[in-house]
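There's a structure below that I have some questions on.
Per-chain numbering from 1; labels A, B, C and D assigned in written order.
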Amino acid sequence: MQVENNKEFRPKIVAFCCNWCSYAGADLAGSSRLAYPADVKIIRVPCSCRVNPMFILRAFQKGADGVIMCGCHPGDCHYTSGNYYARRRMTLLFSMLDYLGVENGRTRVEWVSAAEGVKFSTTMNEFVAKIHSLGENVRLEDLRCKN
Amino acid sequence: MVYSYYPGCTLKNKAQDLDKYARMSAEALGFTLEEIEEWQCCGAVYPQASDEIATKLSAVRALNSAKEKDQDLVTLCSACHHVIKRVNDDMKHVEDIRTRANNYLELEEPYEGETQVLHFLEVLRDRVGFDVLKEKVTNPLTGKKIGAYYGCMLLRPSSVMAFDDPENPTIMEDFIRALGAEAVVYPYRNECCGGYISLKEKALAGNLVDQVMESAADKGAEELITACPLCLYNLKNSGSAKKLPVHYITELLAQALGLITE
Amino acid sequence: MLRTEKEQAEIIKEISGVNTKKCMKCGKCSASCPAYDEMDIRPHQFVSYVQNGDINALLESKSIWKCLSCFACVERCPRDVKPARLIEAVRLMVIRQRGGNYLTPNEVPELLDEELPQQLLASAFRKYSK
Amino acid sequence: MQRIGVFVCHCGSNIAATVDVARVVEAAAKEPGVVHAEDYQYMCSEAGQLKIREAIKEKNLTGIVVCSCSPRMHENTFRQAAERAGINPYMVEIANIREHCSWIHKDMEEATEKAVILARAAIAKVTLNAPLQAGTSKVVKRALVIGGGIAGIQTALDIADAGYEVDIVEKTPSIGGRMSQLDKTFPTLDCSACILTPKMVEASAHEKITIYTYSEVEKVSGFVGDFTVDIRKKARSVDMSKCTGCGVCQEKCPSKKAPSEFNRGLNTRSAIYTPFAQAIPNVPVIDRENCIKFKTGKCGVCSKVCQAGAIDYDQQDEIVTQNYGAIVVATGFDTIKLDEYDEYSYSTSPDVITSLELERIMNAAGPTKGHLERMSDHKAPKSMVFIQCVGSRCADRRGKSYCSKICCMYTAKHAMLIRDKYPDVEVTVFYIDVRTPGKNFDEFYRRAVEEYGVNYIKGQVGKVSEKGDKLLVQGVDLIDNKRILMETDMVVLATAIEPNKDVRKIATMLTASIDTNNFLTESHAKLRPVESPTAGIFLSGVCQGPKDIPETVAQAGAAAVKVVGLLAKDHLVTNPCVAKSNELFCNGCSSCEKVCPYGAISYEEKEVNDHGIRETRRVAVVNSALCQGCGACTVACPSGAMDLQGFSNRQILAEVDAICK
């Protein structure tokens, strides 16, 4: 589905960021004034392993067009191994979502350290561009949730 | 083992020895250089500007022809190697060039940098092995003090050429040692011979060649080897310093393998 | 079509793919250049001339005919600026204009000698003429 | 029903220039549960905090949302303000409308809209917040310092002087570090050994300091206040309690071919060795890779000549396990490898050396006994060239992106010392920029030029090549725009420095973060420069970033103060945002226990009352002192019994809903 020409489309994008690396990376992107679209809204979680697949399903159900999860680089997790759990969980969830028709491009896991403001910003720019190319998400949206 | 082979224009003409000895030696070492059909001149210099596509097409045709035969592409002349390897890198990594070149060529299947480009020396080092080469030498060049002249085009830019350490290369020295001679390492072996400049800027080219000759002689070289017809021409004909004799790499190789006599 | 120097600078940056802002002005390109003494405008100056939009001076410069394309400046630049590409872009700008060729077929016969390899002519024509 | 107050900060113009603050207030006021909303110039200021306290009291607020900078900046500030006004500090949520909004967006309409949504999410979350009580944990009154260079020694001394036990773990056979390899120090030119040795002695004699040399940290567990650390004491093959340090073994050792690490490989040492004369402890180690006895079984000379009977070929590595309240990383630096910089002929010519090698050559205890000479023919040089920024300030794959910071000054020092001691030697320095910020630094550099006649040329060198027995330096003078071809006798490369190669391994053990250049990351670049973001881990010296000796010593002291501040506490307040299991839902499956990295979850047989049915069940119990609040267990739990306080499922879902609304 191409909706590139639809200028009205402002995607809703939820970014789960772990407190120690990625949230700090987003702060660094901010203090370095590295712009990315305002469509991205960040939810702070202590660790990427706190992200329950349920949160992501709920986001899509409520009309999100894309969900990205960011954590510490493998090996750098503040809690030693949380990002490994998260990676495994998300791999499964994303393939299930793909099966349900929520394209792989709408979900993403990225490792962003506290020093990678640039990476945070480029990742978000890329992700938003990708969501724009995919257009509005309709597969999981619960119409009852529309207001 | 059969390789696609791109000889280039000079090897068909002024540098026939470079070509002839390479083919002879290859057979003696157990591989075949199969000349690709209907190749065109590579242009001899790599077009650096991003808006030049037409000048890169002959290299892409050669690369694609090797791809169709599922063979690696072997080159000998430094200039051809440089141009073809860099164009291949563009086809692999620069989307704009890849798209435009493929639009021109209208190949059955678009070419996307699949072919591996090998210089003849890389075949000797990485496929045959210098230790195997050493065993096959019947007429070791014992006692000769040979300086390797690399020039620019094989080495730089190293990020694309990936031929050897661009500032302290060793492949030709290892080759010389495999042939039984003494390799003389000298600092100007990776400095420019003047290239195409020698056509109109004789003085500049002369200076550069003199520096190379003096540097090689200073370190005790008695002769030089090169892979490039243009380097050979410049080293022989430019400058006023005392000249060391210059040979093609394949000439010494054929000698050491006992295929020709000095 | 007449272009301003600023527009020409943008074209040079585009076809060369060089980001002149990456230069930290260390001079290692010029220090590495074998043709430095023959050049009126030196490799490191090409970067700042383009950055400052002084293109007319570059178009007049004889340096563009002296560059050997040996890539020593590209290899050794600590900031990955690739000055050789800028010089090539300026050279192209000159030879693409009418009458900008530095080498014409008429000159060739007297430059030839017995041993001169074909690739020398091929490369010289590629570098010096449209 | 919660009564929420919303406070929107202008942060001067940082927020207000891009976000229409009034509109955020207006929108927030309409959210359910919000009974108060206002904005102010600087919410974090005393006046701003007072506004919050007054509103809490006047409006009987039960929870507040502050729309301001990152919670990593001021969450604590606002929690304290709430607490002072009498509400639980965990009834505070921050909407980050600066770093995540005003600073990255330009369009006011867009930024305001986003700020409103972020505020709405925070309001939705705080509505579900519950008061939390922080617990406490113990503090082990002992510190560990990893690395025994000047940074580690100074940190240990300062901690010990405050009355706490400190252990230093040093990988090499002696403490002293890089500073012990230096000859003189800028800008005062005092001899490095003369100022360092007394500190080494002081540390070794200090009753509160234990030094483990030839030892490495092997394993770290626990957390701030109570780390458990395994230290591997590598087999020295010499009994430290018996050795008198007489040195006869080193003299008689027949294996003398090993390159001396201390002299940067410029000469060799024996297989049994102390790295340098003033080594502490003055007890040699046997380098088993080079020892004939270990390689062939024959020899044993050292054992025969040792009067004290201290040689012990059968000695084994030993693991010491110790608990610490705080850990300081002081792992220092090394110079980068120059393999890829062969345009300067470092691999091919022995007369091209690094600055650190020159330190050894200039040092009276070095390989040339302090005589300035070429390593190729041992002749005194008549001219020398220094090249700056070799591998520093590089954006290519070969070098480092940062400025190594110390090179400009030590090069001026070398140049000055050489001109002073050998006035006949011509000294030329090729530089890109001369960077001399620091007290008396620029004056020092100018003295090198004006009084000592050092020739400074602006322009990086292109190539150094051997020519006869000379070196040919090819460069340009950028000021004169002229080619320079200079024959010289020696070339000294100001080689970039990089963090010690072991630091990545150590940081991983400590879960301390590290940047792309392998420098340890500080908690805040300006305000918390000696703390790692990981609680209880502190940074001292070059492991955090390039610095010279005065800066290193200052930072070492700062790190020590932070450690002392921690150790002085009797207990620590723990994070109450920990996991909690609802025993009614728990089915005792052990999924949570398996994923917990801290062993904080155990199982108990507990009597539960499930809708009137009393029965004994096996249920999960979280030890809140051990739980660090990562939340791994909450996702692993199949029955939804496990939840994380402060980041509960309902809270996060409320945020998701608010954002996707």
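Simple rule for what comes next: a residue touches a chain if its C-beta (ideal position, glycine included) is under 8 Å from a C-beta of that chain, and two chains touch if they have at least 3 such contacts.
Treat the numbers as computed from the prediction; the structure is a model and nothing was measured.
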B-C compared against C-D, more contacting pairs: B-C
Between subunit C and subunit B, distance of the C-alpha-averaged centres to the nearest whole Å: 24
Between subunit D and subunit B, distance of the C-alpha-averaged centres to the nearest whole Å: 48
Residues of subunit B engaged with two or more neighbouring chains: 167
Multi-partner residues of subunit C (at least 2 other chains): 72
Touching chain combinations (by label order): A-D, B-C, B-D, C-D
For the subunit C and subunit D complex, residues of the former touching the latter: 22, 24-33, 36-37, 42, 44-45, 72, 76-80
In the complex with subunit D, residue positions of subunit A that touch it: 12, 14, 19-21, 23-24, 26-27, 29-31, 33-36, 38, 41-47, 49-55, 58-59, 62-64, 72, 75-82, 85, 89, 113-116, 121, 147
Of subunit C, residues touching subunit B in the complex: 14-17, 34-35, 38, 65-66, 68-72, 74-75, 84-85, 88-89, 92, 102-103, 111, 113, 115-124, 126-128
Residues of subunit D that touch subunit C when the two form their complex: 343, 389, 393-396, 399, 432, 458-463, 474-476, 478, 481, 483
Touching residues on subunit B, where the partner in the complex is subunit D: 159, 165, 167-168, 185-188, 215, 218-219
